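Shared between the two complexes below is subunit A, which pairs with subunit B and subunit C, respectively.
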Partner chain A sequence: MSADRDSRRPIPDQVRRFSATELAQHWVLMVTLTVLALTGLALFAADTWLGRTLIAAEGGIEARGTIHRVAAVALMILTGWHFLYVVFTERGHGQLMAMRLRASDVRGFGRLVAYYLGRIEELPEFGRFTPLQKLQYWGAGIGSLMMIATGLVLWFHTAAMMVVPKWVFDVTTIVHGYEGLILFALLFGWHVYIVHLSPGNFPMQRTFLDGKISVERLRREHAREYRELFEDDVTPGGASGPGGAE
Partner chain B sequence: MRRLLALAAAFFVADLVTAQAPPPEPNGNAAAAARQCNICHGKQEFKTVRPDGSVRPLFVDEAAIRDSVHGKWQCTDCHADVDKIPHPAPLAQVNCQRCHFGGNPVGAPERINYEGYVKSVHGRLRLAGNTKAPLCQDCHGTHGIRKHTDPTSRVNKAQVPSTCGRCHVEIYADYQRSTHGQSLLTKGNLDAPSCTDCHGEHSILAPKETASDVSATNIPETCSHCHGSMAFNTKYEIPINPVKTFKHTFHGIANELGSKKVAQCASCHTAHAVLPAADPQSSVNPANIPATCGKSGCHEGANANYARGRFHIDPTNRDSGIIYWVALFFKILTISTLAALLVHILLDLVKKLRHGHAGGHHGE
Partner chain C sequence: MYSTLASAIVGFDRSLQELPPAPSALRTAVRVALGLLILALVAYIVIEQLGSLRRRRSSRER
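Now for the complex of A and B:
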């Protein structure tokens, strides 16, 4: 596989893409959002068989609420943890910087569309995070923050309504419901398709388990990052590379 | 007391379960027979003094009996324990089941819900020895019983509130000033509910009993008998379906799933003093909303913010104002997001299936 390469360093089969901390945060997010989605959907669809089945499975309407709130607290703790991680750790801050939305992402997105429509032959070259990955991250992040904010109003409604009128509360209820539905579709539909269900990845990609990505995939889907790691004049050993810190 | 208890027990248990005593034969000469009773009971001034010192009138208006559904019967057909005159006082409680039982040969109406009565809050209290709990005659009357279709009957729809109100005094007062009471009693509008339309008749249960028609979890269904229909609501200038909109709120969902803590219809509108929100006396008038929502066990400390907004909102109705627009915005956002995600998935699928998936895992 490295016949076309001219390198003095041996190229490994896999590189580490995510640190243990990042995998742990992903696990907490995955579990809390799953619990929140199932208990939330139960209420959102309470007048359908789906809602009734979920509520029964969750131990009734009051237990459902308790489970939802416990998971919400876990999500808030995770949010605090993630915030500290991306602001105060070198590795985390580097990842956040790599995750910034830039003008090149808009161009990259346009070229991706062109690729899908058959206008260009080759998959566009992306860096560490593709435009679609950035959409997933910021969608999940901003969505979670909105869910936390609106959810707190609903949870502490008696305190909230000392300040806001009833119609704001009613609007909050609607936003929380639909925002949750959008987030559910984004992560449990789209994100799961992209990382696990799409041809080539099906039935499962192992990156979320071991944090590793095959070099072949890295070269194809993150061509610029691959070049920075293995072709450009970058110090080997990876202390400055995105896959370096563990 | 013990004798009363024994009588009550005999009345219910023995007569419900075992074969009935042979019912009386119709007697064409009822009027003549009554004349003997009238020697005493035909006198207005015929009275006795109860052991507690109160006076009990013993006059019986024979004309009222002749006008009643029982006009063709004679006194002893019901007061069967009179076998000589003068008879010992007091007589036993009249037992309606002497005639009113299934398959009775004298043609007495059989559709009488004794089983429901015995299980009802009234029947259970009476069986337990509470003589204030009503027997048949306490609601239907004694000598002047008329069919419920007769406007002068004590169990006619419009008369039921005053009949129940003889015991349930304060509830009767609340009901009389409610929109339901005003409509039925003052305007004679038979659309309005009488006591029995919500509570049932013979099988009335206490509201705290789950099976009651007016229990916390059954109230929405009971109110929906009228207010579930938009034809009905429109007739009375109620612009939205209050039951349907309630069922989509958190209160409504939790209520439907059996929570007794959350608000149901009567929690906010009261059980008996129901008035339109525009009425300053109404529990749901904006000025009274803080007190209503702030009831102990609900949203204690509720302030005027609770009244700043709409109630019974239908997010699909343009009249719902900002709620409608926000809901519409989010519906469009949700649908377009889903559509965009789906389009991407389809494009990606087509691309990868048609052109192979550029490596994937098949080298590994």
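Now for the complex of A and C:
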């Protein structure tokens, strides 16, 4: 065994990808958006059997409104928490920088589709976040900010009506309702599909529970990050590795 | 205080349903945009599923 081989870091089986704080933020987001979606849908579809069923399940129209607003305040607190996290912590700021949209993401997404269409043989190489993950993050982030802004106008409608014309209130009502549907489709449909139901992930990926990802998955889906973490490593099966690897 | 808040909420929920509806053109535009978005999401899922199925088949045949 050469000295060069001995100096290589062992490659672990799993890598910690998300910290406890990031997992906690994800859990709060998951719970608040679920509650907001269910209570919002109840009002959005109040004239249908679905709306009536949801309103009854939520304890009537009075309770529905209260639950919706409590969840909305929780979402606002989470937004503030996330903002402070990505601006004032080194780790959070690094995550935000890695989430920046680049022209290469558009090309990467095009190559991903080309791969599934059989036009290219190799899965494109991505860094810490894939274009699809960035799309979900910014979609959920911008969507949540829009929901908070329009929701506040609707919540304090009397005050809002004193400063904005009726058409702004119309647009706000529509945007809040349909933006909610878009978020619902994006997060509860597409996000759940990509994370848990897509090929290789079914029936469930455990990263949202423990923040970890297998090194094999990291190598396949985040090849550039894998190289940054393990650059010249070729020794598989070690117990620990760099940068939070476990 | 709770009853004041609750009645304001109930009043708002009712007033929201009693407001004159927004222009139908605006509703239609938003619905079309939402439909296109959902179509794009579904198209991605179909492409990924078919591509994955094709690759699994070809790797079995090798």
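Keep this in mind: the second predicted complex is superposed on the first by the 224 of 246 C-alpha atoms of A that agree within 3 Å, B and C clash if a C-alpha of one lies under 4 Å from a C-alpha of the other, contacts with A are read in each partner's own complex, and residues count from 1 in each chain.
In this section, contacts are C-beta pairs under 8 Å (C-beta built on N, C-alpha and C of every residue); 3 or more make two chains touch, one makes a residue touch a chain.
The structure presented is a predicted model; accordingly, all values stated were derived computationally and were not measured.
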- With subunit A superposed, do subunit B and subunit C clash or fit? clash
- Task: Give one of first, second, both or neither to describe whether A:T66 is in contact with subunit B, with subunit C, with both, or with none.
- Result: second
- Who does A:M30 touch here: subunit B (first), subunit C (second), both, or neither? neither
- Query: Counting only touches as set out at the top, which of subunit B and subunit C does A:Y116 meet: first, second, both, neither?
  - Reply: both
- Task: Tell me which partner A:N201 touches in the superposition: subunit B (first), subunit C (second), both or neither.
- Result: first
- Touching partner for A:I77 - first (subunit B), second (subunit C), both, neither: neither
- Task: Check whether A:R217 is in contact with subunit B, with subunit C, with both or with neither, and answer first, second, both or neither.
- Result: first
- Message: Once chain A of both complexes is superposed, is A:V192 in touch with subunit B (first), subunit C (second), both, or neither?
- Response: neither
- Could you say whether A:L50 touches subunit B, subunit C, both of them, or neither, answering first, second, both or neither? neither
- Item | subunit B versus subunit C, judged by how many residues of subunit A each one touches | B
- Doubly contacted subunit A residues - partners subunit C and subunit B: 43, 46, 61-62, 115-117, 157, 169-171, 173-175, 178, 181-182, 185-186, 189-190, 193, 198-200
- Mind pulling up the subunit A residues that touch subunit B in the complex? 1, 13, 43, 46-47, 55, 60-62, 115-117, 123, 132, 157-158, 161-171, 173-175, 177-179, 181-182, 185-186, 189-190, 193-194, 198-201, 214, 216-217, 220
- Query: Where on subunit C does subunit A make contact in their complex?
  - Reply: 5-6, 9-10, 12-17, 19, 22-23, 26-27, 30-31, 34, 37-38, 41, 44-45, 47-52, 54-55
- Query: Where on subunit B does subunit A make contact in their complex?
  - Reply: 247-248, 250, 253-254, 256-259, 299-303, 305-310, 313, 315, 321-323, 326-327, 330-331, 333-334, 337-338, 341, 344-345, 347-349, 351-353, 357-361, 363-364
- Note on the structure: subunit C partner, complex, touching residues on subunit A are 43, 46, 61-62, 64-66, 69, 113, 115-118, 154-155, 157, 169-171, 173-175, 178, 181-182, 185-186, 189-190, 193, 198-200
